[in-house]
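Reviewing the structure listed below.
Per-chain residue numbering starts at 1, and chain names A, B, C, D and E are given in the order in which the chains are listed.
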Amino acid sequence: MQLAVKETEPAVEAVSHRKMIEIDDLSLVFQTNDGPVHALSDINLTIRQGDFVSFIGPSGCGKTTLLRVIADLERQTAGSIKVDGTSPEDARKNRLYGYVFQAPALLPWRTIAKNCAVPMEISGQSAAHQTSQIDKYLTMVGLQDFHQKYPWQLSGGMQQRASIARALCIEPELMLMDEPFGALDEITRDHMNMELLKIWEQTKKTVVFVTHSIAEAVLLSTHIVVMSPRPGRITKVIESPLPKLKTLALRDTEAFHQLAAEIRAALADEHAID
Amino acid sequence: MQLAVKETEPAVEAVSHRKMIEIDDLSLVFQTNDGPVHALSDINLTIRQGDFVSFIGPSGCGKTTLLRVIADLERQTAGSIKVDGTSPEDARKNRLYGYVFQAPALLPWRTIAKNCAVPMEISGQSAAHQTSQIDKYLTMVGLQDFHQKYPWQLSGGMQQRASIARALCIEPELMLMDEPFGALDEITRDHMNMELLKIWEQTKKTVVFVTHSIAEAVLLSTHIVVMSPRPGRITKVIESPLPKLKTLALRDTEAFHQLAAEIRAALADEHAID
Amino acid sequence: MQTPLHHRSWFAVLSTVIAVIAIWYLAALWLNGQQLIKTYERKNQSWQLTDIVQQAYAVKRPMLPPPHQVVQEWVKTVFQTKPSSKRSLVFHTIVTLQSTLLGFALGTVLGILIAVGIVHNRTLESSFMPWVIASQTIPILAIAPIIVVVLGAMSITGIFPKAVIAMYLSFFPVTIGMVKGLRSADRLHMELMQTYFASSSQLFWKVRWYSAQPYLFASLKIAIASALVGAIVAELPTGSQGGLGARLLSGSYYGQTVQIWSALLMASLLGASLVFCVSVLEKLMLRKRGYQA
Amino acid sequence: ADQLTLQLKWVTQAQFAGYYVALEKGFYEDEGIDLTIKPGGPDIAPAQVLAGGGADVIVDWMPSALATREKGLGMVNIGQIYGKSGMMLTCLKSSGIASPEDFGGKTLGVWFFGNEYPFLSWMSKLGYETNGGDGVTVLKQGFNVDPIFQGQADCVSTMTYNEYGQVLDGGLTPDELILFKYEDEGVATLEDGLYVMEDTLEDPAKVDAYAKFLKASIAGWEWAKENPEEAAMIVLEYDDTGAQTEDHQVRMMTEVAKLLSASDKGIGYLEPEAYQRTVDVLLSSDSAPVITKEPEGAYTHVVFDAAMAL
Amino acid sequence: MKSTLLTALSVLIVLVQVGASLTLSEGFMTAAPAWWLLLIFFVASATRLMNEMTRWLDAQPNANRLFKLVVPGLFAVVLLTIWQTLTRGYSVPSVLLPAPSDIVLALFNNGPVLWADFKQTFLKAVLAGYVIGCVSGFIVAQLAVKSRFLELGLVPLGNFVSAIPIVGIAPIMVMWFGFDWPSKAAVIVVMTFFPMFINTLTGLQSVDALHKDLMHTYAAKSAQKFTTTQLPQALPYIFNALKINATLALIGAIVAEFFGTPIVGMGFRISTEVGRMNMDMVWATIVVAALAGSISYGALALLERRLLFWHASVRNAQP
């Protein structure tokens, strides 16, 4: 299956909002000892302000790499990308986005609260503002009693939640999240999903979200980008027909199952056990 | 909700099979710097030969700990446990069980095939037997082309599959599996689930399985043990009404959804985000 | 993408070496020049700057011999002298090399044995480990002559007393690294072995030994450099039996600065090549277990 | 043959030419002695080697031998090779020193490791403090005479046969220097002598071996005195460091020859008066005394007499 | 019950042997070789006591730190007692090896001399050289981590220099910097510079790739990167160098004193007193040096535990 995205208008689109991310014919090749790895190939994608876009696809299809290109952690080898109308580098320097990594990446020598403070310290926020933000978001992720603990005193899931709180504290325009809930159990994950939806609905921020879970992608997204490996490319972009205001109950609806089935089919198309 | 398991007969039961694991009033308290942690409290559970039992519950509820007690990697602080009629220590010395850890735990200085050989080397199997077992089970998990690769040349999911093959190679009476498929993407996971079911159905081994995923628990198990944290305890044991011979298509049946909903309710009952 | 010139390894190393040599020449001019001026003044002779610059690089007993003087002496004693001659630096290098290698071998074995003992026996750890550390705070030079004399009294002479001192310095990094390495075995791997009911020797040979290897090699590089220091230090009190230490000593005894420097140059070449050999061994060993270089 | 080991006080050099000559020329062999010579070094204390059994005979200076004897190690002089002291203090005229009275406030380089006793006695006799204060500043001189070239010291210790030559080689001329020989200052003590453990003298077989050894050594010294150039070459043969030069060793041999004992009984005889003079010098220092009481039985002529009788 | 009795017996045997070694007359082992029996029982008893003490301490996670010194202390008592027994029992000449009791006496009788030596060698030369060497190694590592050029040039040089037996430069330093402590400090500076440089550089570069990315996403300035991630990450390596250097520094100073000193200092004392056959004084000086070294090392290790409480090596350390 060849990607049919370029020919038509970019599929990810929401009415009357400005373009947040514009990717044109973007490719990225890693040079390694074993020869070049085509991590991303001919990516075309537009994400508008207020969208909630999920990347889904098998391991190694380039989801993380694409997110890193947006965050200016990696540079494309061909094609172009604009973030909020500027280069990714300028967007980063303007502190436009918050990034949640696949691993918690907490500093082991700082308490949870002090870890959350790092980005605010760096952008020079007042101490009072720092404390109130930390209180707010640590409570939101259910870690209100763990301010003074060190990362290694928490379970993996709790660490991951702390890292989400850290990204939320600076309330960025754009949230880039790389499988943020991979380490959580289903119930906590449901809870975190709903919290994330709440924040997104309230603030109308843009979210780019990487996940392995079809259910999660369906539950959260306005647009689902299905990717495929070797070389990493977009095989399909699905716009969600579900209402913007979502609840967990949605999961038992026909529309939900249908969308899930559509994604599963798109994934299975390209998938063979490696 | 108090556990109603003790009063009635142990709920996990299959007709006419001998008891594989018997746990009575078992508790386990970890002494830590911050005071005692009640990881397991008053656990009562019987698992019979041929059962496929899943432990499900939120992070930190003691699933791993309970599995470790069975494997003699941890010792209870109160109560008693018998494995195959003997103490866990004797069961371990008899090499009764195979254990799949939450992480792949492959030795980075051995190739995949050599890693699978470790338990057989230790129990002194012949080289020819080793090779044939390794061939068989690496093929089963889809790694037939990766015998001579080193662990770090494989993706996380492939590593986890290798570790499953390693446990299967010794064809133990009892398989203890701690979230073995957590690191896999959904499609591969489905595939592995079906392979596991196939092996279990063919060999009639006993499996104790820890998972975060309700769907996985429903798909695989004859019995589902729902656990709850602080202190870690069993809140419900559900016997699956589904047929023993399962297929992926089962997931779209009413019975499946009903069981999943029952588990979700049992989990939610005790669950508040910590 | 092209790496800019100043980010090329060879360029950076070359520039550094050139800078070092340039500074060396300047310093030689400064130090030897001052000495010359002092001599002129003592003799009440007048002098010109050009005289100083001319002579500063050819002083017989320089404060700092310029590089070419050192290299000349080095070439003379290495290539233009029969290696069997006692005037050949090669001869002395071999003397030192022998006690270094013997001491290094002894130290490695001893260090590994102590580490294995410490890791397997709690009492040994709690009673012995602090003294292993304290042993290194004893100034080795102080006990070097004592060791030489005591071993000499037991009619153990030749390279062995020197090797003992080399061993004394080199076992320590090995012990420390090895203990750390044996302990650094992944807990999960250890538990895995426990589920297989592996014996402690199986545990050692299948897991611990491998987890210790990277630490062991890092330590061996330090240990072989320490063994060389030990061998040289041990040659100071027994000053007249040959070796690079004896060269340093006799150079100092007769005010032969150039001889000191060329012995030092030889010692650094020897040290660097010994460390290099260990890293080659390390690469081979690690490649055998599948790591890429 | 009798096996004997001789421990030298310092590295292989013409200072010990007699022993090497005797070894090379087979004098020891002729006497039926199988001799091993152990060279010394900066931190080898011959007395310690003797006590540990690493050597049967050692070359040592009398001040340190007597001091060691007072510590309870019974070592005895069985023959005195050097009759005169070669030690001196070499000073720069430009430092303003003209006589020992000018030492006050000056910096003097001195050898330690048991070689400092004559110096300490001398300073004590002159009334100088050596531990700072208003006396002299003492440096532990390394192995060479650099301090005088680098202006770190006003005077350095030298031996007539060794370091003095180095001072001259280094570019200083005799007229820039002023020398204070210990012999001339009346503080000379006996230098290279041969010592053994006292209890071994009770064994006649040992005494016999010592006597043969002494006889051969004396012969070696006499030969060396007559043939300084060949003797120097023999020493060079035995030098393992390869650092000694021919010029230097010939000069050393020539100077050493002037110090060999000149008593009527020949090289190797310890003159009781010379011994007594040394003891008096050492006893005379009141601060930091080297020895506190008259030593007894610190030397014997038994071996020398036996050697002459062979 | 039986084990308590055995323990009591062990304590008794240890005490008897210690007492015997101190009070019996010279040469008692030569006279009555039967004393060997007691010595063997003594070693066995002490081993038993150490075993029990270790087991007891391991079961007592909250025991006072000081208690942990008991076992190594006992080990030292064993070694010293054997030493004392053999030197006195066979009347080994003190010129060769003095008995521990003689060394202790020398320690007490020569307080002022030992203190003056300590001041000269440790408080002046070692401290000055150590501080200058470590600080400059640290600073140059900062420069190297910022400039790829410097890093490429200096690291091979550093590796080369750290293979040089630096003691060899001692005579040169004495020639350049004179006889007093500055020349010793100079040797120490050169000896300690490179371990600190290489370790700090490795530490600064060992920053987790993820943490580096994180700082990048925050568009942190390089000073902020330094204090938030690089410095804490480098601390374990820096402490490593500090500890290595603590042992190197003392050796360096004493070796350098071999080539010329004023007439004070620990290296001077050792070599002079060997020449004077005062071996008790030699060993007393060695004891002072070893104490100074061990205490510095211990203090650094304690500080390390304090500052690196978060690091796996400290958290996983045996109790």
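Going forward, a contact is a pair of C-beta atoms (placed from the backbone, for glycine too) under 8 Å apart; a residue touches a chain by one contact, two chains touch by 3 or more.
All values reported here derive from a predicted model rather than from experimental measurement.
Touching chain A and chain B together: no chain. Each chain gets one centre point, the mean of its Cα atoms, and the points for chain A and chain E are 52 Å apart. Averaging C-alpha coordinates per chain places the centre of chain B 86 Å away from that of chain D. Once the centre of each chain is set as its mean CA position, chain C and chain E turn out to be 20 Å apart. If you average the Cα atoms of chain C and of chain D, the two centres end up 36 Å apart.
Not a single residue position of chain B touches two or more of the other chains. The residues of chain E that reach two or more other chains are 96, 171, 175, 258-259, 274, listed in rising order.
Of all residues in chain D, those that touch two or more other chains are 42-43, 45, 48, 52, 142-143, 146, 150.
Contact annotation for chain pairs lists A-B, A-E, B-C, C-D, C-E, D-E, with touch applied as defined.
The touching residues of chain A, when paired with chain E in their complex, are 68, 71-73, 92-93, 95, 97-99, 101, 103, 105, 107-109, 118-119, 121-123, 150, 152. In the complex of the two chains, the chain D residues touching chain C come out as 11-12, 38-45, 48-49, 52-54, 94, 142-146, 149-151, 166, 170-171, 176, 239-244, 248. Residue ranges on chain E touching chain D, taken from their complex, read 93-96, 171, 174-175, 178-179, 257-263, 268, 271-272, 274-278.
Put simply, chain B touches chain A in their complex at residues 57-60, 142, 155-158, 185-188, 191, 212-214, 257, 267-268, 271, 273-274.
The touching residues of chain C, when paired with chain B in their complex, are 186, 188-189, 191-198, 202, 206-207, 210, 289-290.
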